[in-house]
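Both of the next two complexes hold subunit A, though its partner changes from subunit B to subunit C.
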Partner chain A sequence: MINAVGRDIPEELLADGKEVYQGKNHFDGTYVQKVAPKTRRCETPQDGKLCATIREACERCGAHDGMTVSFHHHFRNGDKTAAAVMKVLVEDMGLKDITIAATSLGDAHNNVADYIEQGKVIGIQSSGVRGRIGEVISAGKLKTPAIIRSHGGRPRAIEAGEVHIDIAFLAAATADECGNASGTGGKSNCGSLGYAIGDSRWADKVVVITDTLVDYPNQPASISQIDVDAVVVVDEIGDPAKIGSKEARVSQDPRELKMAEAVADVIAATPYFKDGFSFQTGVGGPSLAANQFIEKHMEERGIKMGFSLGGITGLVCNLQKKGLIKKIVDVQDFDNNAVADMGENPQHFEISASEYANPANKGAYVNKLDFVVLAALEVDTDFNVNVITGSDGVVRGAPGGHPDTAAASKCSIIVTPLTRGRMATVCEKVVTVTTPGDCVDVVVTDYGIAVNPLRPDLIECLDNAGIPHVTIEELKDKAYQLVGEPDPLQWDDQVVAVVEARDGSILDVIRKIKPYTFE
Partner chain B sequence: MTQHVTRPKPEKNRLRRTMMFMNAQKPGLIKDAYIYGADTIMLDLEDAVAESQKDAARFSLYHALTTIDYGDTEVLVRINGLDTPHWQEDIRVAVAGGADGIRIAKCESAQDVKTVEEHILMAEREFGIEEGRTLIMAALESARGVVNAYEICTASDRLFGVALAGGDFRKDMRVKVTESGIDIMVARGMMLLAARAAGVQCFDTNFADFKNMEGFENEVRQNHQMGFDGKSIINPRQIRLVHQVFTPSAKEVDHAERLVRAYNEQASAGVGVFTFEGKMVDIAHVRDAQDLLKLAKASGVYHGDL
Partner chain C sequence: MVIEKSAMAGTLESSDAQVTVEPADDLQISVSSSVLNQYGRQIKATVEATLERLEVTSGHVTVVDKGALDCTLKARVECAVFRSCDISASDVPWGGVIR
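Take a look at the complex of A and B:
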């Protein structure tokens, strides 16, 4: 069946009431029945949650073949917990048919790629799939299609019971013997534990893993003792140095600065740019650099930002220290300056992924977002964005909060160079749709700006401000003129991954890639 | 993808607020330098290019000129000095590629301009380029060049302007860069006088410390107050500020438009004495206002019919 972004979704995926994507806000106002976890009652005084090893915790929580486990990715490339737990489950305990429902997976989890090849891990549900895991999925080695969900789509699926987590293994910078856990105050801090909070409440069993056991009670806690079954102390849960690849460093590249300046000009030209506005930016070079140009516009107008949302960087914290941002609302920290700020700044708040971006609760923070600035691997002439598959069709990215913030914000801006090497970033059809075009308002490139025709109001704003813009087709033509039009990728029939829209419908599928050969 | 680009015929009098210099040998820089919005880009064969790489730079320059569509952006070529073995071949390549003009480095006399003009003409004939198409500008880089500014400015019909090149000029004068600009103030003034007397444009030297935005802004404002038409720049980050300073403000444009309209109405009614909003106004102010509107239009901030 063809969905609203023109993708053909195989009928066999549309079982059990699963629908194809029918446009943003399609399910607005409908009801959902949430599920609840199975909870073991503890009525007597007890001090028995501490386990000596990960294996002991797994055994106590009834780890078994065919179960679903979850992890968070707050340590990003520095995560050591997920790989260690998977090693225990597969290599030490010999378990099989495991599904991993992680908030994201990447280079830190290359052993999972081995377990997929060995058939021990049969399912992957994640926002991001980078590194070797992406390669083995694209090679068709995972038994069931991977499911790609946004950061808002994942808690939606968990709360609706579409994913049932048997055991959540949650790394925490500090924890006490009863499981009150936090992302700060330990030797390996990650700041916000936003992605872990929902898992602690919805999984049947919860294991908190820490390298810094503190006195009871560990407060304030992100994860509460009432949800925790076991606590394990290990040597090191993760390497915080690897959380941020771009440590609050602002680009000096003229091309990125030009794009960043254009982004800030677009923002300042809209009616939403007024005192108390809200803003989120990704961690790409131009997105980060946009902060400094927005700062200039804020100073000129004499206005402040009401709140900054999302993945938080040290740059945002610095803006707040200058008095330009009232509150920081934080689901994840992108560098160590932000991590430190989370631990000491009373105006820097932690929220869960569901609070952040879930479309199926009574109103997430993204719904209050004025602007979001996001990157893209590709944008097509229907404004659809791909952030998951590379130009070779291999899974190597992460939608993260991209689809959620783009859909819910008043003005979503994609910033990307028009070409990367010989690849046209603005193209005829993206390889995979991860954020549908009806959620994307403005595309800013080094060669010009295009506004989605669905937003005539924004076109008028740009015209009034004297900001030149062109059609998305003109940008695509320019890109093809520069680097040529790519040949279509060659696919097998086998679906290796399903891309879910944030509302749970199917946005696209990723098929097994055929190795490219020159004719 | 590899179609031969034909550039529009160069305009002698056009908007030249910013001239951005870049090494003609660096494909990554020159492939799309127009995206930053400088009025002119200056593909450099001289100081930016190592002595052993002059030939490679010319090769790169030729292919850039003939395959990259720079659109409305003016494309000039800075050739090597007339005291080097490179300048003749530089001219042949620039003209063959269809460059809009040539910047003469270290120009010291009217004869230097005439020599370059002669070789440009030879190259235009050799490569079947329209005769007289290729413009000239002269860089004054020595005391002698500045003293001879007027004869240089009037040496050729092709010459649209002169620029000061601060680095070499300061060496010649044995002065160092100062914050106030006193080191080259006299040269700036002499060159401006000569250029205005000859009716050509005049451009200030680049500001090398591109991280010092405050110092840069002070210098650009001073340039504008002195009467320069534009400035050499070395980093895209400098463009926006120069354009801001050299582009008439909305208030100025509005005033100029009202003044010109008032004049037009009264002139067509046969009124001898020109009054504007209750005041007597000199006809010279009308010309200023017309020039300002022309600049505003070229800068894209005035879309009216005057």
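Take a look at the complex of A and C:
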């Protein structure tokens, strides 16, 4: 069936009431019945829940064939927990038919690619799939199609019972013997534990894994003892140095700075740019650099930002220290400065992924977002964005909060160079739709700005401010003139991954890629 | 032109291509590219067209492309062929053979 972004969704995926994407806010105002986890009653006095090893914790939690396990990715490429736990489950305990429902997966989890090839891991549900895991998925080696969900779509699916987590293994910088756990105060800090909070509340069994055991009670705690079954102390849960660059530096690249300045000019031209406005940026070069140009406009107008949302960088924390931001609302930290700030700044608040971006609760923080500045691998002439598949069709990205913030904010801005090497960023049809075009308002490139015709109000704002803009087709033509028109990718029929829209409908599918032939 | 000896032009940097030509009885072109899936056919066509304009009818041509634009590809093929028959030192037909 063809969905609202023109993608053909195979009928066999539309079993059990699954629907195709029918446009932004389609389910607004409808009701959902949430499920609840199964909890063991603990009525007697307790010494604690410490287990000597990960294996002992797995056994205590009834790890079994065919189960679903979850992990968070706050340590990003520095994560050491998920790989260690998977090794215990598969290599030491000999378990099979495991589904991993992680908040994201990447280069730190290459052993999972081996377990997929061995048929031990049969399902992957994640926001991001990078590294070797993406390659084996695209090669069709995973037994069931991977499910790609945004950071808001994941808690929606968990709360609706579409994915049921048997055991959540949650790395925490500090924990006490009863499982009160936090992302700060230990030797390996990751700051916000936003993605882990929901898993601690919705999984049947919860194992907290830490390298810094602290005295009871560990407060303030992001994860509460009432949700935790077992606590394990290991040597190292992750390497914080690999969370991001040590210090998020503002780009010196004149092309990126030019785009960042244009982004700030667009923002300042809208009616939403007033005292108390809210703002989120991604961590790409031009997105980050937009912060410094926004600062100029804020000083000129004498206004402050009400809150900064999202993945937080040290750059945002610095703006707050200058008095330009009232509050920081943080689901994930992208560098060590932000991690440190989370631990010491009382105006820097942790929120869960559901609070951040879930479309199926009574209103997430993204619904209060004025502006979001996001990157893209590709944008097409219908303003659809791809952030998951590379130009070779291989899964190697992550929607993260991209679809959630684009959909719920008042003004979403995609900033991207028109071409990257020989790749046309603005193109006729994106390889995979991860953020639907009806959620994207403005595209800023180094060759010009295009506004979505669905937003005539923003077009008028730009005209009034004297900011030149062109059609998205003109940008695409310019890109193709520079690099040539790309040939369509050559696919097999086999669906290797399903891209869910944040509302749970099917936005697109990713098929197995064929070996390239010149014919 | 005739490929008289092995020669090379270009680098493996992003947006460049490294072209190697070797003498042979037949004409063979092998292309690998970081953008093969979307531009492989065009890269091969550009290399073939350039060789044809240079009137190269035999030799083994290997292109390792890192996302080079057509103009870069043409220049690298041209240079490798010139070097293979020692005309790169003088008498380079700038703006003539290559269009």
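Just so it is clear, the second predicted complex is superposed on the first by the 516 of 519 C-alpha atoms of A that agree within 3 Å, B and C clash if a C-alpha of one lies under 4 Å from a C-alpha of the other, contacts with A are read in each partner's own complex, and residues count from 1 in each chain.
Methods note: contacts are C-beta pairs under 8 Å (C-beta built on N, C-alpha and C of every residue); 3 or more make two chains touch, one makes a residue touch a chain.
No experiment lies behind these values; they were computed from the predicted model shown.
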Next on the checklist: Per the contact definition in the header, classify A:393: touching subunit B only (first), subunit C only (second), both, or neither.
Outcome noted: second
Checklist entry - In the superposed model, does subunit B or subunit C contact more residues of subunit A? => result C
Checklist entry - Should A:466 be classified as contacting the first partner (subunit B), the second (subunit C), both, or neither? => result first
Checklist entry - Looking at the overlay, what does A:484 touch: subunit B (first), subunit C (second), both, or neither? => result both
Next on the checklist: So in the superposed three-chain picture, is A:416 touching just subunit B, just subunit C, both, or none of them (first/second/both/neither)?
Outcome noted: neither
Next on the checklist: One more residue to check, A:516. First (subunit B), second (subunit C), both or neither?
Outcome noted: second
Next on the checklist: Output check: A:126 vs subunit B and subunit C. Expected answer is one of first, second, both, neither. What do you get?
Outcome noted: neither
Checklist entry - Which partner does A:254 contact after superposing on A: first (subunit B), second (subunit C), both, neither? => result first
Item to check | subunit B/subunit C common contact set on subunit A | outcome: 482, 484
Checklist entry - subunit B touches which residues of subunit A in the complex? => result 254-255, 257-258, 261, 446-447, 466, 481-482, 484
Item to check | Touching residues on subunit B, where the partner in the complex is subunit A | outcome: 1, 32, 35-36, 235-237, 240, 300-301
Checklist entry - Which residues of subunit A touch subunit C in their complex? => result 391-393, 421-423, 482-484, 486-487, 489-490, 513, 516, 518
Item to check | Interfacial residue positions of subunit C with respect to subunit A in the complex | outcome: 14-15, 31, 34-42, 44, 66-70
